[in-house]
Amino acid sequence: MSEFLQFVASGIGQGAIYGLVGVGFVIIYNVTGIINFAQGHYLMLSALTAVSLREAGLPAVPALLVAIVAGALAGVVTDRLVINPARRHSPLMLIILTVGVAIALEGLALLIWGVNPRRYGPFTAGPPLEVAGAAISRQTLWVLGVTLAMALALWWFFQRTLVGKAMQACAMNRDAARLQAINPAQMSLYAFTMAAAVAGVAGVVLVPITSAYYDMGVPFGLKGFTAAVIGGLVSPFGALAGGLSLGVAEAVGVGYVSSAMAEGVAFTVLALMLVLRPEGLLARVRMRWA
Amino acid sequence: MGLNRWGFLAFLVGIFGLGVLLIPVADALPFLTRANLVVFALHAIAAMGLTLVMGFAGQVSLGHAAFYGVGAYATALLTAKLEWHPLLAMATGAVMAAILAALLGRVVFRLRGHFLAMATLAFGLVFYVVMRGWDSLTGGNQGTGGIPAFALGGLRLDSDTSMYLFLWGVLMVGIVAARNLIKSRPGRALVAVGASEVAAASVGIDVARAKMSVFALGAIYASVAGSLYAHYVTYVSPDSFGLLPSLRFLVISTVGGIDSVWGAPLGSAVVVLLTEGTREVVPKFVSGATGSYEIVAYGLALVLVLLFLPRGLAGGLALVVQRANEWLRGRERPTPAAVLEEVELR
Amino acid sequence: MKRKLRFWYATALLMASLLFLAACAGGEEEAPRMPTPTAARQPTGEPIKIGVNIEQSGAASVQGEAYVRAATLWQEKVNREGGILGRPVELVIVDNKSDPTEAAVLTRRLVQQGVVAIVGPGTSPTTLAAMNAILESKIPVFSMGSADSIVVPVEQRPNVFKTPFHASQNVEAILVDMKRRGIQRIGLLTVNNPYGESGLAAWRAAEQRGEVQIVAAEKFEANATDVTPQLTRIMSANPQAVVVWAIPPGAPLARRNAVENLRINVPMYHDAGAGAELFLRLAGQSAEGAFMIHPKTLVWDQIPPTDRQYQVLQEFGRLYTQRYGEMSGFASYVWDALGLLKAAIEKAGSTDPQAIIRALETMGEYVGATGVFRMDPRDHLGLSASDLVLVTIKNGKWQLVR
Amino acid sequence: MSLLEVEGVTVAFGGLRALDGVSMKVEAGKVTALIGPNGAGKTTLLNVVSGILRPVRGQVRFRGRDITGWPQHKVASLGIARTFQDLQLFGNMTVREHLLVGRYRLTHTSLVEALLRLPRHFREERESRKAVDALLARLGLSDVADWPVNALPYGKQRLVGVARALALEPALLLLDEPTAGLSGTEAEEVGQLLGLLAREGLGVLLVEHHVGLVMSYCDWVVVLDHGLVIAQGVPEKVQSDPHVIEAYLGEEAA
């Protein structure tokens, strides 16, 4: 039993990160109709920036904040330089464009930071907490806390702010939104910025758990996308729930099935989800946006 | 009208000659070798399969390298372990790839747009994981080797030059086949499906079947290239068939232009030149530069080409040819034929 | 609209050029800070070209970086000391991006550029993919791949050599220590890539010989963020020791999860790939007490002067740590490969490939930083497991155990 | 037995009934018009007949054969051709190519035969080109045959849509507003063409707004409003039907 709990504890830690990356996919997809291949790369940029700033001696809080802003800026640049000028291209071209962005960002990271993984310590030192025989590291608690905070912040943003509501309107019907004087191009900019910022948050809380390295964007992007698809690609909260369930499924899969095929578990789930239930596991729950 | 059949044939002969001429060019250029030509041709053949899928049926695949892998592994296992004839192994691989693609297409083509892309992505990743995990068959991460050189009758492809010339021939066959397809009933049906599914169905085209068949055809191109790759390198490992190779095929196809049969060769040539060129040039300016400059250049090239030449280099080139034509003829008003020249240099 | 776009492009261009300048400046900073040449003769004449075909980016780039550093350092040293046969040495360093196909193509390209020998590729899949090109080239090639099959059977690999220990030799050395501690039952955690696979195969072979009992074998992905589930599984089989076969960041991650989350109290062994300073940096406090089987390079400053490798280790260790600030567990493989080539060319008195190969095979002993090489026509590695040492980490420093 | 029989067809989108028990017939050799205010369900009915939509209730019979819920391409291969209100032309294909695609159901060259250029490809290609040339000439499209359709003026594009449908050599032709956006003379020409085609035995069902055209060229008129058939009969009779007048006036008032 405690073994099972250990798997779950490990799984939710990873899953929360997947979920945060997934949130970005959902926001961008709903507002612009684009699947952004560079989503995991924002996480990577923020993580590496944070490491550099910490190494340069900046205190934790400003370093992490600046790093998140750096990630968000990458989102801004993606939208303004690539997505916006290509607004009239077919969706196919837009996906491939984001692939190009992802490749360029990864190369850039390699140029700036080199190949070696780097890391900084957990936010709070101390031994892991024991919950019914399962060990949960303190940083995992930080991850979960931050994830919860992000969920609340997103809820507030989409329910209580004008911009959030405008973005929702854009998500439901772009043409109708335009008629209500909502500028889709502007919404797209906000969407990319937000998605990148959320991924950036995931990046800076992730570093103490594993480490930061230049080619972490693709694996996290893929897992994040899987999380978003499990959630039905319609709701940020669906993506978070999808991420948690994916993380737990992976950890339990490693524990009870085969660790060699663990990665296969995620991608098989992705393939099955897309083919059998493109509307997502949680669509029944109708968790649209809030 | 583009070119008529004889014009096209003449053009083809010219292109083949050009391919042969590339050999001394590669020898003369300090940063190219004949091995680059081999890789260029291999990637062009595989990417042409993707070009067909994307350009002529409007479908995208992010898992194309998996089919490349099916061919490579089929050849590796059948020729090295069971000592089958290379041609038989290649055909088996192609059939397997086609069946796999058809099965995949059956389930996947109910999806549209992004979801389709992502489903093929997932398929490619699952293939990669399976090739790594199925040790007893594939040799797992360590790969499998001992593949003999391709031999057919007295022809033995054991040098870069012979391999390249053979591949260039295969590429020409691939181009002719693709062009044959486009100028025919099933080919026109595919283009129609790519343009409007509902209208295609309204003239009696079974849209799902058409997509499945072009997907299978694209897989065959990739698989044949994969088989020849296995013969060339004599060793295969999963890393050659993962996500990055799939993306590379995507880059080659889109940069080259997905609505022209010349797109894949053009794109492949550009990628080789870009790779080797930056490798050669950048270190001259930046000490200690590694492949990372090249990766940035690769990404930026993709973005820039798609932003400014959405129809790829082939489309851009066709436009240049047309403009040059107009200029030579003394600024006539564009005739329908000239408009067409732009539409198809097929 | 149009003007806005132009603004963004201008901004981007500005940022890009700034970045480029920064990168250039960075490059200059790292550029050779050569001590004033004290050595007598300046090498003259046609340079001797040696190809270096390395994974500078992609999956195996962590090793690749150390390889390139070692190569650059070696080139400077040799040219400072008079070159080879009085001629300067020119290394042609290329990045194969950890891509098997590129590794093969680059091998051919280097041959065409007229190199007399090649060091690299640096992993098993890249080496095996390039094997055809290597064999056709007939010039001496040193691989840093771990798989035995790179140099075995030697009749089929007449011009292929390697410098890293076979995975089986690492296993052999760990087993010596395990016997001493009476450890029979082990749990094995390997990274799911070619590197981990070769370790797994070597351990399976040892199990077949009855030297050890593997009670649990688990794998993890190279980019995993948490391997606690795998370790939990291993520990539930109750092993007397855990062996982790991985490179950074996987190896230090496994160590941290084991210590911090599960408080594993059995000995944990890592292999030489776990990555020296990178391991210390990424595992932090948790690194304390981990065992690693490794060439003597990690503890170069603790080797007694009576050791045969003393001189070589002192020189290599000083040069490398002075330049790069820290030792790498990988660097000595390239350092020794180049050293072996230099010795062979000097022994042969020419750069004829066949002569170099013959010289390598008949050189007798060559004392390198990795170990003492005794190559012969039957053995293109020539290292013995007894050159490996067991090290542990105390107070954030490597400590020689035996 | 009529050429096409629609019986009790009901289509619902969510709670909304787009068609509510619609029954009607199309005879061979006659032009039947389907009229009604916007949102009456005219296009929906065409979509049901051509297989794009599956009705929740009711039956569609073609030459007495039940084709309800058949996939679109099977319906088409029986010889039921259609055009679209928004044209749905094939991007930058030429006019000639559109017509060649239109002959898809009449030809059989397979993928393999095309790739390898087996004899059937050449034979069918020759036959098709001949037939297409004849049709182009008949519709007055010969001089733009090799233009890409997106370079044509709108009126010509509409005509290409009709030509593509006629290339199927259909027994039943479904037209969705073939005169929308056309000038008076162009619309007149379309009307004449339809009359001509009907005399050759073709059954035509058209959705039309152009009242003049309906009155002068149609043999039978069916009026839909809110998914219900409110009237049908010969044009003169329908024109004076109080229900019809009310439906149209209601629309104008709104």
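In order of appearance the chains are A, B, C and D, and numbering begins at 1 in each one.
As a convention for this text, a contact is a pair of C-beta atoms (placed from the backbone, for glycine too) under 8 Å apart; a residue touches a chain by one contact, two chains touch by 3 or more.
Quantities reported herein were computed from a predicted structural model and do not represent experimental measurements.
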{"item": "Those chains which touch subunit C and also touch subunit B", "value": "A"}
{"item": "Chain whose mean Cα position lies farthest from subunit B", "value": "D"}
{"item": "Mean-CA-position distance for subunit C and subunit A (Å)", "value": "34"}
{"item": "Computed distance of Cα centres, subunit D from subunit A, in Å", "value": "49"}
{"item": "Where subunit C and subunit D are represented by their mean Cα positions, the distance between them in whole Å", "value": "72"}
{"item": "Distance from subunit D to subunit B - Cα centre to Cα centre, in angstrom", "value": "40"}
{"item": "For subunit B, residues contacting two or more additional chains", "value": "132-133, 290-292, 294-295"}
{"item": "Shared interface positions of subunit D, touching two or more other chains", "value": "none"}
{"item": "Of all residues in subunit C, the ones touching two or more other chains", "value": "23, 56-59, 192"}
{"item": "Pairwise chain contacts, counting only pairs that touch as defined", "value": "A-B, A-C, B-C, B-D"}
{"item": "Contact footprint of subunit C on subunit B as seen in their complex", "value": "30-36, 38-39, 132-133, 140-143, 145, 160, 229, 232-237, 239-240, 244, 279, 285-292, 294-295"}
{"item": "Of subunit A, residues touching subunit B in the complex", "value": "29, 33-35, 82, 85-86, 89, 91-93, 95-97, 99-108, 110-111, 218, 222, 225, 229, 258, 260-261, 263-264, 267-268, 270-271, 274-275, 278"}
{"item": "Complex contacts: residues of subunit B adjacent to subunit D", "value": "1, 177, 180-181, 184-189, 191-192, 195-196, 198-207, 213, 217, 336-337, 339-340, 343-344"}
{"item": "Subunit A-touching residues of subunit B, taken from the complex the two chains share", "value": "54, 58, 60, 107-108, 110-111, 113-115, 117-119, 121-123, 125-126, 129-130, 132-133, 243, 247, 250-251, 254, 290-303, 306-307, 310"}
{"item": "Subunit C residues within the subunit A interface of the complex", "value": "5, 8-9, 12, 19, 23, 56-59, 61-62, 64-65, 192, 218-221, 223-226, 228-230, 232-233, 236, 248-249, 252-253, 260-263, 278, 281-282, 284"}
